[in-house]
Amino acid sequence: MQAAIGFVRPVLVPCVTLLLVLAGWQAVTVSGLFRPDQFPTMTDTLTALGAALGTSELWTAVGATLQGWAIGLVIAAVLAVVVGCVLGANDVAFRSTASLIEVFKAIPAIAILPLVILVLGSTIGMKVFLIAFGAFWPLVIQVIYGVRAMDPTVSDTARALGVRGWRRFVTVTLPSASPYIATGLRIASASALILAVVAELVGGAEGIGRRILFARNAGVTAYPTMYAYILVAGCLGIVLTGAFFLLERKGMHWHESQRGVGTAGLEAR
Amino acid sequence: MNRRTRWARLALAVWLPVVVLVVWWFASATSNSPYFPPLTDILDELVDEWVFGDAKWQLLPSLRNLAVGFVGGSLLGVLGGALLWRVPVLRRATNPIVYFLYVLPAPALLPAMIALFGLGEVRQMALIAFGATWPALLNTLDGMRGIDEVKFDTARAMGFGALRTLWQVVLPGASPQIAAGLRASLQVSIILMVVSEMVAAEEGIGYFILEAQTVFAITTMWTGILVLAVVGTALNYAFVGIERRALAWHYGSRRIGGGPA
Amino acid sequence: MTRTLGATAAGGSAAQEPPVLDVKSLRKVFNAGRPDERTAIDDVSFTIAKGEFVCVVGPSGAGKTTLLRCISGLAAPSSGTVRFEGRDLTAVPDEIGVVFQDYGRSLFPWFTNGRNIALPLRARKVARPERDKRVREVLEAVGLGHVEKQYPWQLSGGMQQRVAIARTLSYRPDLLLMDEPFASVDAQTRFDLEDLILRVRKDAGITVVLVTHDIDEAIYLADRIVVLTGSPSRVREILEVPLGPDRDQVTTRSSEEFLALRKHLLSLVMPQ
């Protein structure tokens, strides 16, 4: 009995609040505070959501967004780990490239979007490039930071034990840098989703962003669908962030005890 | 650090960017690609249009929208985060909703903002403010929750009232994390500023770049890209600079090996 | 030399005034009514007269910190009373000062040492000139006249704890409560700080209650020692420490009386 109550209580308050918010949404839109061409009602939106979930359009769009996101992120991650490890290990290389990387990191990826559209068209390639470009720079900085931040005691121990070369890289360097890499990936995954939507909104690549824009351009009757798609985009965000959290938990369980310090400290400056 | 190492360090930091610039210069001068005009042309046009010409006025509406949206959104976020920290019931109640809004990719809301606010600059400021709120809110909340209990005991033992505790313990204690949140808010704000100018807009730096691309004025487009890159970079460095100053105590203590505040 | 359980006020000079601290049947239970209920303090009573230096010792986990929090007003007891200068405690009174063990967590890293010390004075609305004067005075008293403009984290551990002590002394409390204040510094520094606190107490005439697990320290510093049992704690015994007002690290610690007290105290504190 105690256990059941223990489960219900923490879930009850947020659920009730959610219902209140939905009710508030309905009240505000029905009362005439917002015109239907500004803000559709909650019931209309949820109905549209239900309908959309049954169509293939929604799932194609979600798939397209996910595709771009995943490929772009993987490319950025692989490149960042490789380049970052090389740069992190060699002081001269690091110092030579540091300023360049910092500058590229500070440039908003969206600045080059029109150029990429020109060169690659409204394709998934454009989306992937934008995401990869945007995600690479902060990620490579995190990797470098992680490699360089290795505890000197750990590094001395590895030397004393005779662990060298490739083995040392895989069993000592990578795990030691992994908290930073994990944090970097989590942050990169969020910005990759944003860039995916941007590429779809502005560049016209297929995906959720494009559908949302279509719905608005289709006129007032399609507004509930537009909001339905926005909700779907939010859910996508939850799924992706949640996935990374779980991944981090599992892969880094050994590091959990140190996580209490707060991963904010693991972010490269 | 002696003179020789100083020079060596400087040389190391500078040689690669210089090489990259030189390569860009020559490669673009000799190539035939319409998408990558010669760097000389770009720089010429940059000076013509931006230094002497009217293009620079395109920046004003952008920066104004950015300022209003970022400041408004961050302020809202910090206040909201503080409120949720103070009232744990409220935090538990709104947790899923806040989280949902935080992971929602803000550009997805642009069409909705157009529907709500029309085509003027209000929709841009509203979108930027929305995007800026959530990172600020969550980081403020986390920062305040992360303050060591002992500090609150100390404050009580010294006779601090609630206001004094907020001002001299909570805010400084949470400020490193709040700063991190504001940095994230700034990055999102810049993206949203440009995005909102690339969809159904009439002015702004984003509009400038996209418009140039549409009429195939490639060199002009490139000048816009460079300007935006410089502005974005400058804003980031300015932010970091201010942060380093304001949080000098924090960086100092970490350098000497102190743990989190 | 020793007294048994239930002994109360020592020192006839405090006969007229109420004792500085009067603890009766203090009991503290955490998570009452829940499955993880835990009684930290079962039944603790003692009285402290003005000007005394009392140490509280006990085995690890005996609830010494909890006791300190209850008698300072930081935590409310589950039952029993705590009276400070004749009044019931509801919050931390202005006349009490608390020094925590972990100076690193207690000092505010975002203020300079001088500003840290000025904090309680500002809270008590002390005017600026008086504030500055006291900050300087109190830094001199702990031997750190030159660190006013530096930050706590720029100082060594021992110096930081001095700053923390200075901060508490700045508003001249009647009672100083210290929670294992010297546990986080090295042995050498510990001796310096012990002598510092004795000197400060003599100069300022304040009453001190110091919680420690170090029995040598307890005997060296105290006029009386309250010995707690393990958790849930009760008062095992209250020892008198007749070593006189002038103490010296070398001579006092090697005196016969010290060693005898030590033997006795050790037998009380060690697990059976």
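By letter and in written order, the chains are A, B and C; residue numbering begins at 1 in each of them.
Heads up, the rule we're going with is that a residue touches a chain if its C-beta (ideal position, glycine included) is under 8 Å from a C-beta of that chain, and two chains touch if they have at least 3 such contacts.
Since the model is a prediction, treat every value here as computed from it, not as a measurement.
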How short can a chain-to-chain path be from chain B to chain C, counted in steps between touching chains? 1
Top of the farthest list for chain A, CA-centroid basis, is C
Note to self: most contacts are between A-B
Hey, how far is the Cα centre of chain B from the one of chain C, in Å? 49
Using the average of all C-alpha atoms in each chain as its centre, how far is it in Å between chain A and chain C? 52
Would you kindly tell me how far, in whole Å, the mean C-alpha position of chain B lies from that of chain A? 17
When you check chain A against every other chain, which residues touch at least two of them? none
What are the residues of chain B that contact at least two other chains? 259
Please name which positions on chain B make contact with chain A in the complex. 9, 12-17, 20, 35, 89, 92-97, 99-101, 103-112, 114-116, 139, 142, 146, 176-177, 180, 187-188, 190-191, 194-195, 198-199, 206, 209-210, 212-213, 218, 221-222, 225, 228-229, 232-233, 236-237, 240, 259-260
Give the list of chain A residues in touch with chain B in this complex. 10, 13-14, 16-18, 21, 34, 37-39, 92, 95-100, 103, 106-115, 117-119, 190-191, 193-194, 196-198, 201-202, 208-209, 212-213, 215-216, 223, 226-227, 229-230, 233-234, 236-238, 240-241, 261-262, 264-265, 267, 269
Which residues of chain B touch chain C in their complex? 148, 150-151, 153-154, 156-161, 164, 168-169, 172-173, 175, 249-250, 252-253, 256, 258-259, 261
If you look only at chain C, which of its residues touch chain B in the complex? 69, 72, 74, 91-92, 94, 96-98, 100, 102, 104-106, 108-111, 119-120, 122-124, 151, 153-154, 167, 171
